[in-house]
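Both of the next two complexes hold chain A, though its partner changes from chain B to chain C.
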Partner chain A sequence: MITVKNLYHSYTKDDRYAVKNVTFEIEKGEVFGFLGPSGAGKSTTQGILTGLLQLQQGEVNVVGYDMRKPSREMFNKIGVSFEQSNVYNKLSALENLEFYKKLFDVPTLDPMFLLKIAGLDHVANKKTSEFSKGMKHRLTFVRSMLNNPEAWFLDEPTTGLDPAIASQIKDIIKEKNQAGTTVFLSTHNMYVADELCHRVAFIIDGEIKLVDSPRNLKLQYGEKLVGVEYKLGDELKKESFSLIDEMDRLKLNDIINNGNIELMHTKEATLEEIFIKVTGRGLQYNETSI
Partner chain B sequence: MRLLYNFLKDMRLSSKSFYFYLEIGFTVIIIAVLLFVVPENFENNLSIYLHLDVDDALYGEIMGTLGDNSTDEITIVDSREALEEAMSENRSSVGLSIYRENNQTVYNFVLQGYEEEKFKNIIKTTVETAFANEMFGDTDNITVITLNQGVEKLSDRINMIPIILTMNVSFMGLFIIASYIFLDKEEGTIRALAVTPNRMWEYLLGKMGVLLVSGIISGFLLMAIMVGSKANYLHFSVLLITTSLFGSALGLFVSSFFDTMTKAMGWLFMIIIIFALAATSYFSPSFSPMIIKFLPSYPIMFAFREVLLNNPDINYIYMTALGFGVATIVLFIAANYRFRKTLTI
Partner chain C sequence: MLRRILSVMSRDFKSGIRDFMVVYILIAPFLLAFILRALIPSVSSTTINIAVLETMDQDMISYLESYSYVETFSNRDQIIDRIGKTDDIYGLIRTDTGYEVINQGNEAGEGIELIKYIVNARGNETTQLPVIVKVSDIGWQLSPLKQYGANFLIVFGSVFGSMIILLSIVEEKMSNTLSAINVAPIAKFEFVIGKGLLGFIIPVIGTIGTLIILGFTQINFGMTILTVLCISLISVVIGFSIGVVSTEPIGAIAGMKMIFLPIMASVFGGIFLADKWQFLLYWSPFYWAFRSIDSIILQTANWNGILLNSFFIIILTSFVFFLLKNRIKHGLN
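For the complex of A and B:
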């Protein structure tokens, strides 16, 4: 569905690359996460994949179209949601969607249906200048679904949203993916990536450090610990046991058989911990980065 | 069809914005100024104060020469001092003191001091013709030849309309289209459009369409109120449409070299100022250096002037329209090419 080979991009057209030697493939129906801090090269890569930036060096193929010379027809097959809301403020939510709907040459979804799933149907005729940031973000998000895209590019789809709305957005992404949509998800949010992605790529300083599924990464880099909170007499004890160490396993078995366990959970490594381990850097926004 | 949707969307957006009404608002203000402030013709009655210190015979001869001169206001004063005093009170005046000295008639011109050399010569020649030659019976030697016999003269008020049409209608789009483009860029809506099957030329042409509508409204408003049915509106429409599109296309092309309105503003402003220089040659055709004739505003002003005449030079109007039509296409293709590479960065 999406193939990227040896991609390089320089905004200054010299050897100061924002993206260098990036290579990956995304299968049809996959949710592929592009994880990295701000300024790592996520938006540049997505920009090239969506035709917003010109392909300078490398090979990029999106939904069967060579991005060296992308056809406008390609945009009937992809959808792009932006991190920053970009709707017409002087038009209503419905007018915004009605306008974009007319630009596609393929069957499109009903704008009112989209407003409904975004929870904006009650303000369909309200000017978007009166919308909150979250409402605009949801409108930008559902706009990218208008043409029922085969490949869906989402840039920080839940950033800046309250947890309830973020959860709705994630549910929509899951539903669309189950219906067969391929998703390219750029984010610095490890929880979103962990929850949604079949595979993730860690990108930092314009280079991909690794590509794998969250499960494999956790198995490979996690410590495989089990945390237990149990009562020993009147005392509440908290302990972690390795699932590899024989002594720990026996002790854990003993607690399970005899102890009053109150809480027990696996302590797997988070994607952020793995990211730090692999790249030596965190995923938080770097305010000073471009 | 996408072009139509772009145009309709832009019309809807611009009808809710300040820029759309800017051009029309200016036109309304200009119409009001033309109607209520600017006279039909600028009166240029020069007062002449005349002091005569001559014998009765010459006095009678001079007064006879003045006869029924109705164009200039001539006032006889008693003394040279009275002449200067009258002139200091009326700055739009010249003085002439005629007296006898050494058996010769002396013509002494008294000017305000701000007059140009050309004007001084005209005054001198006029007085010489009016007084001296007639008095000495040389009028038969003076011949006046008019080179262009069929030249139509517009009233001073109507004569200003071609400049207003050129600067306010044809070239106002230069600024406004740049504002529309950079506003879209700032709001990010251009990036949202760029990931649809919408083509850049459809987007740009939609914007030009809006400018064309406001240009047509402004132009026809001005013409209908100021000229009425005297103008040929077919010629006018063709010229208005092509030059308005040219202004927008030029605005697009210039804007394509910049990424913000602030950066583009200086250049756009400079272009407008340079284009306005053509007005100097329009009002003073004797001053038409080649560099001014090369300005696009020059032929546009004169073509609009032709539209206002009873016997217009149709060939000139349509050649101008054709030239600007071709230039519009070239500029638009160049702007489209550049924006495709730069607008979404």
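For the complex of A and C:
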């Protein structure tokens, strides 16, 4: 459905690459996640895959179209939701969808139905300039579903939404995927990646460090992780240690020998912990974005 | 294809009429035309003014006086001088076979028909033969304010359409809806045509409105529309090129001001420069539009001249377009 081979991209057209030697393949019906901190190159990759950024170097094929020469018809088959919502402020929510709907050559979903899904049916005729950030984001999100896309590109679909709405959005994504839609999802939220993705790619500084399913990753790293709560002076400290990492093992040894342990258990690693192990850096997602 | 083009156009229009600035731009040409009309002296009395020779028989003069206001003159030349003034007055001279009505061509309404009717009615009282009334035109002479004022409004009005394009592009840029358009199955040229259409339709409507308001209903509208379409082309190109680099509406409109100078220069240069200096304006497409509109208003235009001027406009616009093409293309990504 989507193949990317040795993709490079530089905004400055020199050797300062925002995306470096990225290669991956997404099967039909798969939810493929790009997990990485801010500035990792997630949006850049999505930009190239959706034709918003010109393909500079590498091979990209999306739903059967070579992105060196993207064709207009391709956009009948894909849907794109943006990191930052982008809707016409002087039009109502309904007018926004109705305008966009007319641009397709393929059957489209009913705008009113989509507004209902997004929980915006009660403000369908309100100008979007009066919408909150989250409302605009949801409108941008459902707009990307209008043409029932074969491949669906979602850039931070739940960022900035309150937990209840974020969970609705996640349900919609799961449902669509079960109906056969292939999803490319960028996020810096490990829970979203864990919950939705069949496979995740860890991306940092424009490079993919690893691609695997969350389950495999946890099997590989999780069983060898030990959570320890111990006292250091008057302070209670919580830490996780990997049993395969040499440094971690030495540290853990040290704590055990000093004997201030309050609680100790093996635990399943979160994707973030695995991310830190693999890349040496955190995802640094902020608390407000779930 | 057409459906997508029209969707873009109607969206722009819908969005536009919710913006006070756009609404103002839409009504501005009509407003200006009404103001201009108020400034032009015009005799709007319901009576007809007729200039006759002193030698006309007294019965006929009294007969005419019962229907109209009559002025007497001693010879034909004086009558023609009188008619040449800006108010509406007709000359009536007795000939061997009947009467000759002299008019200037800019008189309002059905004056000639009325005079023919009056004269015929009188003629039929005494003879059964129809009186032959010959109409001769001494040439159209307009008040310069009306002639050039209308021209200026039309040439200048071509900018209004492109201002609306400009504002709609700025709107798309500010809300980043361009990216959404770029991932929809609409070709760039469809989008550009859809956005550009208003830049042609609005000046055409504005021009026709201006001409009707100012009372130019006899002119050749086909030639007028062709000229307005040509001149809109350059405004649209400039509108796009400013729009794609602007980030907010006020700045965009301010940027549009740079087009005002060549327009002013072309129109006022066209009016005031001596013939031998007119070539200084040949570079300006607005100058050729001014020339076309001038001849159309004076009703001296012919298709060859209009087509030639339009050709100049298009050639000059193509130069500007090729200079700005990449900037526009780049800005729409």
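Everything below uses one rule, namely that the second predicted complex is superposed on the first by the 241 of 290 C-alpha atoms of A that agree within 3 Å, B and C clash if a C-alpha of one lies under 4 Å from a C-alpha of the other, contacts with A are read in each partner's own complex, and residues count from 1 in each chain.
Here, contacts are C-beta pairs under 8 Å (C-beta built on N, C-alpha and C of every residue); 3 or more make two chains touch, one makes a residue touch a chain.
All values reported here derive from a predicted model rather than from experimental measurement.
Annotation for the three-chain superposition on chain A: chain B and chain C clash. Look at A:Leu52: by the touch rule set out above, it reaches both chain B and chain C.
Of the two partner chains, neither chain B nor chain C is touched by A:Tyr8.
By the touch criterion stated above, A:Tyr191 is placed in contact with neither chain B nor chain C.
Legend: residue contacts after superposition of the two complexes on their common chain; A:Ile78 is shown touching both chain B and chain C.
Residues 50-52, 72-73, 75-76, 78, 80, 82, 84, 86-91, 95, 99-100, 102-105, 140, 143 of chain A lie in contact with chain B in one complex and with chain C in the other.
Here chain A touches chain B in the complex through residues 11, 50-54, 72-73, 75-76, 78-80, 82, 84-91, 95, 99-100, 102-105, 140, 143, going by the rule given at the top.
Of all residues in chain C, those touching chain A in their complex are 3-4, 7, 11, 14-15, 18-19, 171, 175-177, 179-187, 333.
Touching chain A in their complex are the following residues of chain B: 1-2, 5, 9, 12-13, 16-17, 187-189, 191-199, 341, 344-345. Every residue of chain A that touches chain C in the complex is listed here, in rising order: 50-52, 72-76, 78, 80, 82, 84, 86-91, 95, 99-100, 102-105, 127, 140, 143.
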